[in-house]
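Notes for the one structure printed next.
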Amino acid sequence: MNNITRGLIIGRMQPIHKGHCQVILKTLEEVDELIIGVGSAQISHTLKDPFTAGERILMIKKFLVENNVDPLRYYIIPMEDKDINAIWVAHVNMMTPPFNVVYSGNPLVQRLFIENNYTVKAPPLYSRETLSGREIRRRMINDEDWQSLVPKSTVEIIEEIDGISRIRHLTKKEKNEI
Amino acid sequence: MNNITRGLIIGRMQPIHKGHCQVILKTLEEVDELIIGVGSAQISHTLKDPFTAGERILMIKKFLVENNVDPLRYYIIPMEDKDINAIWVAHVNMMTPPFNVVYSGNPLVQRLFIENNYTVKAPPLYSRETLSGREIRRRMINDEDWQSLVPKSTVEIIEEIDGISRIRHLTKKEKNEI
Amino acid sequence: MNNITRGLIIGRMQPIHKGHCQVILKTLEEVDELIIGVGSAQISHTLKDPFTAGERILMIKKFLVENNVDPLRYYIIPMEDKDINAIWVAHVNMMTPPFNVVYSGNPLVQRLFIENNYTVKAPPLYSRETLSGREIRRRMINDEDWQSLVPKSTVEIIEEIDGISRIRHLTKKEKNEI
Amino acid sequence: MNNITRGLIIGRMQPIHKGHCQVILKTLEEVDELIIGVGSAQISHTLKDPFTAGERILMIKKFLVENNVDPLRYYIIPMEDKDINAIWVAHVNMMTPPFNVVYSGNPLVQRLFIENNYTVKAPPLYSRETLSGREIRRRMINDEDWQSLVPKSTVEIIEEIDGISRIRHLTKKEKNEI
Amino acid sequence: MNNITRGLIIGRMQPIHKGHCQVILKTLEEVDELIIGVGSAQISHTLKDPFTAGERILMIKKFLVENNVDPLRYYIIPMEDKDINAIWVAHVNMMTPPFNVVYSGNPLVQRLFIENNYTVKAPPLYSRETLSGREIRRRMINDEDWQSLVPKSTVEIIEEIDGISRIRHLTKKEKNEI
Amino acid sequence: MNNITRGLIIGRMQPIHKGHCQVILKTLEEVDELIIGVGSAQISHTLKDPFTAGERILMIKKFLVENNVDPLRYYIIPMEDKDINAIWVAHVNMMTPPFNVVYSGNPLVQRLFIENNYTVKAPPLYSRETLSGREIRRRMINDEDWQSLVPKSTVEIIEEIDGISRIRHLTKKEKNEI
């Protein structure tokens, strides 16, 4: 890898929010290039994971361009969950450019990469209490202010794809199901 | 589709009961043809889903013939769950004749079909409190009257396949497992 | 199974033709009930397998109703291929009502059912030279008479789903592909 | 099978412990040959299932050789879970030499084999309260004596693969995850 | 989609070559944004498909940045093959931002998108005879000039990942295989 | 791994023959322990792969015991093919005890293990012309002497499982298939 540092960071980003943004920008100060994995790529249309991988890729890309991040310095790649822990690192490797450092606070992710001889670091800190996907989705459902917690372009994308309508529909109580 | 209305209705039918029967007969009054999807087709031999897809297809077919429903007017099709919500409508489409209206009270099913531009309607009402698969399975286990809640032919099929023995076996407490 | 004979017969039926029809009607003379498996259910949109499982189910159902076959006497069930021969019989069993005789001229299908202790019989004869899916698809592509080889209702269904347009599109030579 | 009795017994063995050992040795007194299935073979790196199939095979093999069990009398075979109950017996069959008796205390396993016409027996008793994988894993995490509950060779293997470090890592609280 | 045109173009790019480059740059003149799908993403380490999805993403990204393409205008997304044609469009949709025109010269791809009501266009022309992945891979194996047929950055990446060594190894004749 | 050499060798062994036997015994002279992978474990009931994984495990085990190989020195493990080359090494790793040298003459297997930093060696030579699975299966079909090419215990196993009848059945010409 020619003496460059290429990092990997993975998040579900349901949706991307200002906490993710801080972490990504901060991590970009530490590495030459950053692979941003869009986790649980195959999951969508649930209360916990309302947006598709493609919609989340759109959000992340627009945010990075908005912030004038040099396009040479990032890769945005959808990552499907694999049920089998022991092959997951190989799956990630196949889907990404070669990397040499992994940023993760998740013990399973850490352990799997450590056992495959990767350097694992903790991602930069941000205030997780006020900034979380769960809180943002709660506000979307309850018609409270979620817009201030995500990038401006993300607000536009969620409107464009009618995302609020989707997440509210999914909260309806089932009735009369056969 | 030559100006006919072909509806889709999906249920696990573990087992089919008189509530399902009411809904199917009622829906048949609204549409020209009805596709009856046997949901979670790949699941069987659990307390929640004791019967195989094939056993459930047998129950539904016997009920419809018993009631002299014109065979031109229905299709009974097993539908395996797909873990990926965003491809499920395409999977259903592949397995069924073309249809133009979906009957469902399940918000996820509704949403997925709405986003694929289908007309979605609520299925006809029936009394869900007294008629439910859960209640019937509970009675089967506890040797209470479940027979009165399902079609007569379904009682015969469950006897033929030794279904009560199966569901009771599954309630046993595990012991001495290695 | 209460002393009834329930048979299983499986075909890809791409599309159903008068040979299939003869075999089905003939086999119905030998058994009380017949399960008609729609093979390779997950395959469609190829020159060899142009039609979806749902489209083929529609063709078979209309043919049987046209011929006034008692609806109590047949089941039409899509069967996906499983790559693993040793589990295929179990998969078929799960998806179908219980059966006790298998009609197949395919040595692999015969062997798998024989090793699972089923009675296997050869399906009734018909003239395979003039009646074959391959010949019908060839005629569809070359604008020759295919209509006389399939049931009348099948002609209507293929028109309704624009099937000729589909199969001809698939014969185009690829060009300018990136 | 030439008049021999070949048994099947399946356990997750996370890790193998002295209770498993008693059951295996006891069962070997009843059968000519024993197939030892390593259950949930595809699962590893979780608090409930920390060890890979290969690591567990190593533990079982070393234990059997340590105890001078005649190598002609056992087979150790990894068994992946299959989500579909109705095909699981066929999957087990494919992966194992032919067998004619199943030892299991698990009602689902019992039922599936019974419906496939196998003889099912309860495995020999052992004291499950003091000997359980859960208790051993708890002790590993809390640095209490787990070594006395497993075979000596298993202690060595877990040290060799750095197993305690793995299971403790997995208990860490996630923090700063993006 | 706010009146923008977002196109989709899919290629295996094993490896990316100057023909792909022409097509991508030309298509970018017709659309506002372009999704570049890396086809057969799960295939690698064969003579026909030597490079992993991640390696191919790296090649495409470097080429686009080298050519100063505005990063807002493209998305590079790996696309695994799905064996089931009838669900493939839904899979692509899930993995990508919303798009409204598909560029493809492949009849199956065209047909699947047409049946899902997409606008399908032929991709721009380039000289396929002299520029093809097959020819480039042949030259790599035979130590002829392949470098002039791909972007400069691609040459560097293939050196960095030792790609020539990989493809030549795969041409070796198998011997002494057990 | 405590200074021991543990090798891996993989073969389909359809069926095991005296060439495999030579290679296994010879390799056991070079390593402390040997993992014998039963390749394409999920494939059976075809002319090329007539026997199930379990049947092949039985053949290998009986051969090794017949030859008084120390049971501590080998592991026989079924290995399913994975369609995705880039994750196959991780899958093998999960299913086996840790190993440090791979014996293979297959260029793809060699390359995949080399890229994962394993030592790869060529397996010992044997006369492949007269000893091959293909030749043995041909003789089985044509009622020529195949017995002299395989271990004595393998002859007995193939008789016990009625293997000749199976392979001959699979050569029948399909007829009267619907």
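In this document, chain identifiers A, B, C, D, E and F correspond to the written order of the chains, with residue numbering beginning at 1 in each.
Following the convention adopted for this analysis, contacts are C-beta pairs under 8 Å (C-beta built on N, C-alpha and C of every residue); 3 or more make two chains touch, one makes a residue touch a chain.
It should be emphasised that the depicted structure is a prediction, and the values quoted were computed from it without experimental measurement.
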Work out which chains are contact partners of both chain A and chain B.
D, E
Comparison of C-D and B-D by number of C-beta pairs in contact, larger one
B-D
Chain pair repeating A-D, as identified from A-F, B-C or A-B when over half of the contact pairs by residue number coincide:
A-B
Between chain D and chain F, what is the separation of their C-alpha centroids in Å?
25
Distance between the centres, which are taken as Cα means, of chain F and chain B, whole angstrom
46
For chain E versus chain F, what separation do you get between their C-alpha means, in angstrom?
37
Where in chain E do residues touch two or more of the other chains?
42, 44, 52, 84, 86, 93-94
Spell out all pairs of chains that touch, sorted by label.
A-B, A-D, A-E, A-F, B-C, B-D, B-E, C-D, C-E, C-F, D-F, E-F
Could you please specify the touching residues of chain A with respect to chain D in the complex?
9-11, 19-20, 23-24, 83-86, 103-108, 110-112, 114-115, 122-126, 128
Help me check something: in the complex, which residues belonging to chain F touch chain C?
42-46, 52, 166, 169-178
For the chain C and chain D complex, residues of the former touching the latter:
84, 86-87, 89-91, 93-94
What residues on chain D touch chain F, complex-wise?
1-2, 41-42, 44, 52-55, 57-58, 61-62, 64-65, 71-72, 75-78, 93-98, 160-161
